[in-house]
Each structure stands twice: as C-alpha cells, then as structure tokens.
Amino acid sequence: MDFGFTISKPRSIEPTEAGREQLLQLEEQVPTFRRCMNCGGCTATCSAGQFTDFNIRKVHNLYRWGQYKELDEELQKCMLCGKCTLVCPRGVNLRSLIIHLRKALNKDHQPGDYQHFIRNNNR
Amino acid sequence: MSSYFHPFILPFCIGTLVLFAVIAVKFYRWISGLDRKQKKNVWMSLLTVRIFPSLWRIFKEIVKEVLLHVNITRYNWRMGYMHRSIALGWFLLIVTGFVETLFHFRGSGHPPWLGIFFRFFVRDYTYGISRVWADVMDLLLLYVLSGVSIAIFKSIYSRIVGMRKNTRLRWFDICLRYSLWLIFPMRLLSESATAALTGNGGFLTQGIGDMMPTEFAQVMEVPFWTAYSTCLCVFFVLFPFSRYMHIFTEPLLIVFRSLGVREGSQPTGYTRMELNACSRCGICIDGCPLDKDLNINDIQGVYLLRDVRHGLPHRNATENCLMCDQCVVDCPVGIEINEIRKQERNKGTLDTHDNYRFLDSVKSFNAIGRIAYFGGCMSHLTPGVTESMKKIFDAVGQKYWLMDEDKTICCGRPLLQQGFIAQAAELRRKNARLIVESHAQYLVTSCPICYQSFKKEYNLPIKVIHHTEYLAVLIRLGKLKPHKTGLKVAYHDPCELGRGCNIYDEPREVLQAVADLVRVQKEREHSICCGHSLGNTALDVEKQDKVRDAALRNLTADHPDLIATACPMCKKAFQHGQPTHVKDVAELIAEQL
Amino acid sequence: MSDRTTTAQVAVIGGGPAGIEAACALSNNGIRVSLFESEPVLAHNVGNKFKLFPDFSSASELVATLSHKLSGSHVSVHLDTEIVSMEQKGGLWFLTDNYGHTHEAVAVLLATGYDVFDARRKEELGYGIYKGVVTSIDLESMLKAGKLVNVLGEQPQCVTFLQCVGSRDEKIGNHYCSKVCCVTAVKQAIEVKKLSPRTDVFLFYMDLRMWGQGFEELYREAQEQYGIRFVRGRISEAASTFDDRVQIKAEDTLVGQPLKMSTDLLVLMVGMEASCGTKKLASCCGVEGAYGFAHSCSPYLSDNMTDRQGLFLAGSCKRPMSVSDTVNDARSAAVGIADYLKTALSN
Amino acid sequence: MMKRYWNEYQKEIADDKFFYERSCIRQTFFPGSEAAFLKMLREELGKDIYDEANQHTCTGIGYHSDIVPLQTTMTVVARLFALMTEAGYENYVPSCVTSFGVFTEMVEMWKHNPELLEKTRKILYDTTGRTFEIPKNIAHPSDIIYKFRYDLKQKMKYQLVNRFTGKPLRVVEHIGCHYAKIFPKAGVGNAEFPYVLAGMIEAWGGEVIDYPERRHCCGFGFRQYLVQENRGYSIANSKKKFESMEPYEPDFIVANCPGCTMFLDKWQYTIAEMENKTYDKNGYGIPVLSYEEMAGLLLGYDPWKLGLQLHQVQAEPLLNKIGIAYDPNEKFTGVSGKILPRPEKPHNLLV
C-alpha cells in the first residue's frame, strides 16, 4: 500500500549482542576469517563479480556488524570457483567462509535429506 | 536320517537360517531401492544380447575378487594372501565338505548340515579313498588357519602385511572378528577329538587327535563340537550387521555394477550395496594424503562408508576430503567412495534455484569453423597458460573462440563437489547454452576440473578435449614441431586429469617432444595431490601447504630442472611453494616453437 | 699454511653498504679486514638504483663515496669471490670460497644482504608474460636511463604501482612487510611524474607505512604537488588488452566496488627476500631465522651478535632494511667486532 | 536480588484534590481511557478530581513543532493555570505527557526568569482579565495511578498473568520522552530508569521486559510526523523499537503517553502493510494499551467501554490470555447503544 512515504533506513550501524555471538560462532567455524585485512583482492578477482554486483568483502564486513539484510540472496551469486581463496594474501579460507555464512544466514538449513534416508533404510 | 542328529547342530542351523533370512530381506530392500534410472539400466542390460558376455564377465570378476582377491594381491601380496586364504579356504572347505558328503552318500538321503559336521556323524569313514578326503579337508583347514594367524598378527602389527595402519573398528566388529577367528581352531579341536576316538582324521586332525588322551577326547568331543557350532551361530547371526556383510554384498555389487548401475546424485539401494560391500581393509587409509601428511585419521573412505552405513556422525568425514580420488583408485572393491561423499555433502535447503540469472545476458559467439577454448576460472590467475595456448593456436593456424577471455562462468564442478546440485546444474545450463549456440567444432579446455565437468557432467553435442590431448594430436600429426631441449622435467599428474579422466599418456607424450621426462616415484594413478584441490573447503592454507610440500618432495627427489603440470590449480599451488620452476605443458611447447 | 690461505682479523662477507661501511670502520681502527663480494662490482643492489628516498640524492654517488672510502682504506677486497661455506675451529673461522681457497679470520661479519622477490611467482600479475608489467627494479633502471616508455615506445599515459608483491603474502610464504617498498613507490611515482608530467600515476596499496623521517611529507607532496592517485586495494589479476596495455582488476575498497582499468605500465613493488648467500651461510652456521634471514641474538642490545662466537650480522641479511639503517647497523657491528677482538686477543 | 537504584528516587505526588486537564490525542483516539481514569479516581479511590469544561490545548504539538512561539505557549499555559486557580485547586494533573512536559518546563522557566512570569501574568491579565497561581504539584495521571497501585490492586478482578500457563505476562513498558527526559527529577525513577509503569506492571503480577531499545523514542517526533515526507523517519524509529523487542515475545505494550500509544499501535499496521511484517508470531501484532486501559481491564471494566475496539492492533488474544470476559457481539455497540460502523480489514495485519 502506498502511504506517500517509505520507512527510512537506519543511518548508523548499531552492534548488538546477538550479532556479536553470531560473529564469534562464525569465527570459530572459520578461524582464518579473523585474518582479513580488507585488501579487496577477493572482490577484484571474483568470477561472479565480473558479471554482477557481488562484493564478498562487503558481505562479510556487513556480517561482522550484524547487518544481515539481503546477505543470503547476495551470497547465492557465488559460484564457489575458489579464485578468491587462491588470491587472498592472508590465507582466509573464503570458500569455507561463504558456505558457513550461507548456513548461518539460512534459517531453514538442515543437512541433506540423507539422515532421513539412513533412518529409513539402515541395516 | 535321525541318526545324523545331535542337539549341538541346532545353533548352527538356527544361525544359518537367520543369516539367509536377513540377507534375503536386505537384498530385497536394496534391489527395490534402486532408483528409476538404475532400474532402467538393469533392464536394458538384461534384455539385450549383451547379457551373455557380461554374465561371463560377472562370473570371472566374482571368482577373481570375492575368492581370489586379485586386486588386494596386486596392491600388496601379503595382504592378498591373508584375505584369500580365509575367503577361498573357507569356501573350498564348505564346498569340499559337501562334495565329500555327496560322494559318501552317493547323492542324497542326508541332512544338509552333514557337510559341516561330517566327521562327527560319519565315524567309520576311515578306509581307502576317505583318507584322501580327510587329508584334503585338513589341508584346506590349515590354509585357512594360516590366514587367520596372519590376521591376528596384523591386528597387532599392521606392517606385517605392508600396511601403515590398521583400520579402527567398532567394538561390535572387533567382537565378531574374535568369533570368526575362533571358528577354525574350534573346528580343528572338534575334528581332532573325533579323530582321537574314531581314527577318521586327516594328517592334521589325526595327528593332533593321536596326541589327545582317549578319556579327554571322550569327555570333550561333544563340548568341542558344540562350541564350534555356537561360534558359527554367533558369527552368522551377527554377520549381516557387521563389516563381514561385504562377503555376500560384493558379488551382488559386482552383478549390478556389471549391469550398468552407477551412483547418482542421491543415495539409493545401490548406495547401500556399496556401503555394505566395504570390508574395511584399510587400503584407502594407506594412500590418503590427509592421513600421511596431516595425520587426519577419521575421514578416509573406510570411515566415511562405515559411519554412513551405521548412521554415525560423519560431518567431518564428509567435508574434509581433497576428493583426489586416490582411495577410489586404490579401493579393491571399486566402491565409488567420492560419489557417496558428494551425496553426503548435499547441502539441502542451501542449494537454491535461480541464483545466476545475471548470467542470462551473456551472449554466445558465432564460432562456426572455430574451436572453443575454455581456460577456466583459475586460468585468469595463470595467464602463462592461456597466452601459450593462444600462441599455439596461432602457430597451427587454428581459428579459435576464447570463451572466457575476460570473465568466466564457472563450470559448476566446484559447486557439485560441495553438494550444491541444483546450483551446479544451473551453471551447466548457462555454459552449455553458450557452447551449443556457438556451433564451435569442439571444445578445448585447460583446466582439468572443467574438463572433467564438460566431459562427464555436461552431455555436450561436441567433443571435449584437454589441451594436453590437443597438443598430443598436433604433435602426432606433425603440425607442431617443437624443438627438443635438454631440460629434465618431472610431470605432476593432476588428480582431476589423471585419476579423474584417465589421461596419463598424452601429457607425457607431449613433454617428451620437448624435454627429458624424469620418472617420479609416485606418479600416474599414485600421484600425490597438490593439496589445494577445490574438493576441500575444510582445510586451511597452512594444512594444504603441507600436502603440497609432500607432493613437491616427491616431484623434486630427482632434482629435475622444472616441474610440469597440466592444471592451473596445481601450477599455482606449486608456484606458491618453495621457489621451484613450474610450468604448464602448454607453456613448454609454446616456448619451443 | 698453504699459499692459498689468507688470514685476517675480520672477514666481511658481502660488499654492499653494510660490508663496506663496517670494513672501513674496522680498518680505520687498525684492524686487518678482508672483504668478499660474490659479484664483480660492489654494492650492486644500491648501484641499480637511481635515486634514494626520501631526499632524491643520487644512488651512484653513494656507491662512489663508499667505494672511494674503501679504496682509501687498507681493506683487502676480494671481488667475484663467493664464500660457499664456513666453519669455526679453535676460535678461528675458516671460510671456503668458490675457488676452493680458504680464508682465516678471528671474527666474521655476515653482510650478505637481500635478493628481490621473483615476481614471476605471482603469475596472476603477468610479470614475464606481459611486456607492460615491470618490477620496481626495472623501473629504476628506466628512470636512471631517463627513458620512460610503454610497450610501443611511447610516453606512457598511465603508470600504476602495486604494493606488497611478494611481501605480506601468506600464499607465497612471506608473511613479513618489506619495509622500504611503500616509500620507494612514492619516490618512484614522483620521479615518473617529474619525468613525464602528463602521465597519470596510480598507486594501489593495502596499507601505506610511512615510517621514517620525511616519508610522510613525501607522501603528502606526492598527493598535493604531483597529483598521484592513491587507491586502497590490491590488484589481483592482470591481463593484456588488444593494444598491448595492461588491464588490471582490483577493488577500491574504500568505495567498495571492483575496479577494472588499463594502464601502460604496471609496476610491481617487489619485496626483499633473504639473498641466496644469506640463506646458505645462515643455515651453514646455524643462525637461520624466519624466512631464511639470519637470526641475531636479540633485537635490542645485541642485534649484531649471533649465537655463534665471533659471527656478526649487519644490514638486510637480518630483515628488510633501508640504506640508512643498513649503514648505521654496519657501524654498530664494527664497534661490536672491535670489542670482541679485544677480548678474543687478550685471551 | 537485583538492586533497583531507581527505587531510590521518588517524586512528590499530591494525595487528593486534583485539577484534570485532558489530552488532545488521548481524548480523540482513546476517549475511554480518560473516562476510566476519572472513574477510577472517583469511584475506586474516592478522590476529588475536577474535570474543567472550559479547558483547551496546552499547544504542546505546535510548541514542539516550532509553530507556536514560546510566549504564546506561556500565556496558554497561564490560562489553564488560571482555570485551576479559579476552580480552587492546586494540584495540576495533565493527561498528556507532552503537556506534562510543557507545564513543568514553563514553571521551571518562570522560576529562573521571574520577569517572564511577570510578563505572562500581565499578558494574561490584559487579554483575558484572569490571574493565576503556579500549581503546588504537577503530576501525570500515571504518577497518581503508580502512587495508588496497591490500593487499586485490592479492587482488581484480574492479574497480569497468563491463565493458560500461569506465568506472568511479559510486558513492554514505554515512557513518553517528555515525561522525564526533559527534567529527570520530574519522573518517578528519573530519566534513565522511569519506574512509573514498571511499578504498576510488577505490582499487578506482570513481568517487565528489559530490551535494548527500551528508552528509544516511539517515533512520534512531532516535526517528523507532521510532514508526510518525513514520516519515514518517524516510522523507522518505531520499527527499531519493534525489532528490538520482538525476540522477547512481549504479550503487550503499555505506554503512558497518548502519542506513543497511538504511534506504537498504528505504525504496526503501516509496517504490516508496507513490508508484510508483524511483530508477534501469529500475525496479529503486539497490542498497545494505555496505563488507564491496563488498570481498567484488571479492575474488570468492559473492554469495549474502555474503547479497545478503537485500537489498530486488536486486543482479543490478550483478553483471552488474562481471561477477561467480553461479548464479541457488543464490540461495535457504542456507549449510547448506537451500532458503530465496522472498520475495513487491513490487508496484512490480522484482526
């Protein structure tokens, strides 16, 4: 419905406790994540980034600050080709980071249906 | 007939009945659990004339693998002997026992368990030809016992059969192993006791029987036979739930594999067959770079298959693997370990559709009369390879279309390897459209990952070749005449090209045209992964580097002038290692034009 | 003793600024010094340079001054002589050179310096593949020749510098910062502008470390007077364009957007690595530190000493160092050696 | 036990004999609230409260929107005080939190600048011929209910307890900015920890939710709301509060300021229409009550007489939780017995 105005976006980032927890969890899963010095090499080389507006460095920095909005959709553009991981001068395991980010951002995520299959077909 | 009954046979009979009932149920469930495509393949194979030669092949393979264990012997003869002596020995023991019974009773009129407990029931079998039977049976028992003793030694010291490590087993399997080991000594004791009383034993049982005091034999004969029967019972009842299920599953697997069944992207009844066909011999542990160089010892094929089969947690075993396929090549049963791993990696709800709409606007190119060249994502980081290929194309006057000169749509294999099936399929559709619309003659690719993907996953209407194949053809045809140099070159087989696509000879052929090829200790199907494989996301760079260093040590043992490879990923990995000269096969050729 | 053996109180290995400075200082104190240089010329690393940061004084003049000082001293100089191994026996050091000669000394000063990083190991940057990609060393000789041209031999429209090639890169195994490249790039950028004022100069950096006196001022001058554009981002790929220029891909991280641009020359600011000689001799004496550099006792009070008696270090065989730091370090090494000789001889 | 420092600050609240001034917003949007307050004071507590017929606005909205000049506001306030003086009362009770803030501010200003007071007296006298006294005590109605919360509790039929689970209801309390943010000492418990509503909730069996944006403005913001183009800023503030309180799953929100009650209520509808987002699990939104409505409900007053049907977020789920009896058929019957027109259903917000 058109009310003649839209809801303004917040002007500043305000870190929350929940966001901090999420970040710590991710850092535990991908310890190399902490090493990033934001050189932008990953974004520059990104295969998907050659076609569309996808900035993995920005995505994970937004995640650092608990700004999760639309990050999941953004991350789906990744083709997992691994160039970013290869050029990173700090050895950040970016492919692992992307998969874990997607897991963290996807609330419905459950490991494959295989567990279900095991329960039904085991032995 | 009733004179051939004694209560001690009951455990054996019950055990046998349970065993066959459970196996029948399992087989039924697995076969009915095949998916549509697999069933179609089976029917297609069964209903055509191809079935006759394949029946012969199936028979041959079952004899070779289930009884003779040819593959294991090829890997290590001591290990092969151990497996063979128990499998073949026991099989012959049973068969000979039955033949002996048939022979004795002239065909019929005897209960089915008699073959197993023959000596106990036929006590007067001490004349003429029977001595020969008894000796043959003893010989077979001795053969089995020799295998069992090796197995016992191996469980303490695996190097005795040339293995670095023993497989860590579940306690259930360990218990069952003891019951298996007990069966044969118990048989020996039982038959010896009977021989002591009746004199119907062969050279071994009679020899031991003669040493037994008669009173002892009289008291212990029935208890020995009971213990023997009980061991058999325990083993048979628990058998289908243990690793020993591989004994009956392997023939079934061989049948269905020969009928054209393969793993798909989702687990099916065939997957259950594969899971059950693993004997946990541990050969996959032996070659695994993660075990050797990083001491990660819970992710190898054997553990993956075990944990998947028994529903144990296996997140780590699923994710932490280089997918270098060393274990797949080594596996004596030929289990598609990494296909199962990929099924396990299935990312479920993370694997979403319609992610790459931004690629729809990418336009194809009218490449009629040209070939398409796909460098691959990584080739942007190894411009040496693409530049050399351009130079070679120009040198032979081949018109080409650089599909991904500026930007690359990934082939989708990295996604597939990580269990993003739908997303990988979407990327394949995008690339396939570009290739088909271009009407290029054929597709040359420099990256073995893309090569495997285009070749096996794409179903393209045109031929796909790796640049080493292309160069080999050019050299064979005399279109390329590179100068031979005196360089000593060690060639590294990339996993995806060698073990993945069986291309070992072409790169070597090409290299020999320009340089002297140095033999490497571990090469061809035993080549060590460069460690930076895209199949793994769990390892951090420090650990990948350790695997790489092991590969480098293997390659540089003979101090070659440079290392040649045919994969941009491997090339980058080695470049990042200790300063070593690494070049792609294409670069070496381009330099010598 | 055979005629092939020379004796001296101090053997200085390496004829760069550190070696020369230390040798002269020791010799002036009446100490007998032999200096060994594997190359046919002295101070070739500095000699390759055009001007020095931050005051644009001439590098050749510095080398000339050093050489003059050396020739005026009593140091016995062995050019083209590479020490291949050394060992200590009974308080004396025995050095073997590439001719098989042995040299004897009470104390040894390792001043074996650095090598520049081989930019071909970063294949994605295209050095050795695209003609428009050069290293900072190549640029230095262009500047020295006063001829700055692109691949086509024309005045370049655009020159782009990339920092941290072979330094601060875990993939290549060099985690450390090479210290001098930041200010060198700023210096070279200014020189490019001086030589060819209409050329656009871009400088891609991850962090700019203007640690020395006058460096920050130089940076500001580069921005203000010469209009050099500083971009915070790392170039991760280079490719060639149809007109033989170099296309680079980076991200301007401050804008948060990828950047794709063409440039006539891409200058790779190659870092310092331990030189072959440093690696070889440091490991031969068991004083090997991180990344193949030689390891001193402590960075504070005994930075010239090693764990081996009578083995001293000076200059960039320890870590990346600027010329001025190197010269100072050499003098402090000379003082340390003179002290050592006093005790060693009195014993 | 957590130490509650704000308990240490208690403001002075008169005992009896109040002069009541109505609120523009409250009497328009929540008329039942003011009626209920008067009823509570008179009937339940037996106090004397005077409801003046000739009263008018305090200019608060215009004043805070920079439309009404200061001197005008002072004079208008002075006239209201004159009405009180004329009626013979000394304890001023403005229904609106902004009025409360304006009165406190003017009195404070006069205290520091006697010449302004003199000027105001002169202008008022010149224009209307009235004189006035500064009230002895200015208290917000929520202060009075807070003061008598235990007396009211004795008469209450219900408690803030979920009758299905037996657990206390989880309540978000929202204090209007002008209550204590202008003069901290004017509020019970100061500006940082106003205890006025929390005291009621805790006394009546509920549990107060302490969420990160508890002290954030409701988003009304006067100037922001008045210009349509700026409303995005207003609603963004409310949204921030909702997002912050959402994880704590509040059963309802209670506010002491009429503007806050209105905006926290109506913006939920707007956000639901704009972004299809509601802040309770079932899509009904979080009910917003004024403190009078909360007290009235617990005292057993008819929800429809309290005017709950005039809220945007409907209160039936909450009434069910507390166990308050109501007649759904009476929902749209007015006080006079007249059948009221039924409102349109929103697209996204469930009612």
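Going by the order they are written in, the chains are A, B, C and D; count residues from 1 in each one.
In this section, a residue touches a chain if its C-beta (ideal position, glycine included) is under 8 Å from a C-beta of that chain, and two chains touch if they have at least 3 such contacts.
This structure is a prediction, so every number in the text was calculated from the model and none was measured.
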When each step joins two chains that touch, the fewest steps from chain C to chain D total 2
Higher number of C-beta pairs in contact (A-B or B-C) found for A-B
Per the C-alpha means, the centres of chain A and chain B lie apart by a whole-Å value of 36
Here the gap between chain B and chain C, centre to centre from mean Cα coordinates and rounded to Å, is 53
Between chain A and chain D, the Cα-mean centres are separated in Å by 44
Whole-angstrom distance, CA centroid of chain B to CA centroid of chain D, is 75
Multi-chain contacts in chain C, i.e. residues touching at least two other chains, fall at 124, 170-171, 236-237
Note: chain B residues in touch with at least two other chains are 380-381, 406, 541, 572
Listed in rising order, chain A residues that touch 2 or more other chains are 45, 86-87, 91
Checked against the stated definition, the touching pairs are A-B, A-C, A-D, B-C
Given the complex, residues on chain B that touch chain A span 26, 29, 33, 240-241, 267, 269, 272, 308-311, 315, 343-350, 352, 355-356, 358-359, 362, 377-378, 380-381, 406-410, 412, 414-415, 418-420, 423, 427, 532, 534, 537-542, 569, 572
Given the complex, residues on chain A that touch chain B span 31-32, 45, 47-48, 50-52, 76-77, 79-83, 86-87, 91, 93, 95-96, 99, 102-103, 106, 108-115, 117-119, 121-123
The chain C residues in contact with chain A across the complex are 124, 164, 168-171, 206-207, 232-237, 249-253, 256-259
Per the touch rule, the chain A residues reaching chain C in their complex are 37-46, 49, 55, 57-58, 86-91
Counting only contacts in the complex, chain A reaches chain D at residues 1, 3-10, 16-18
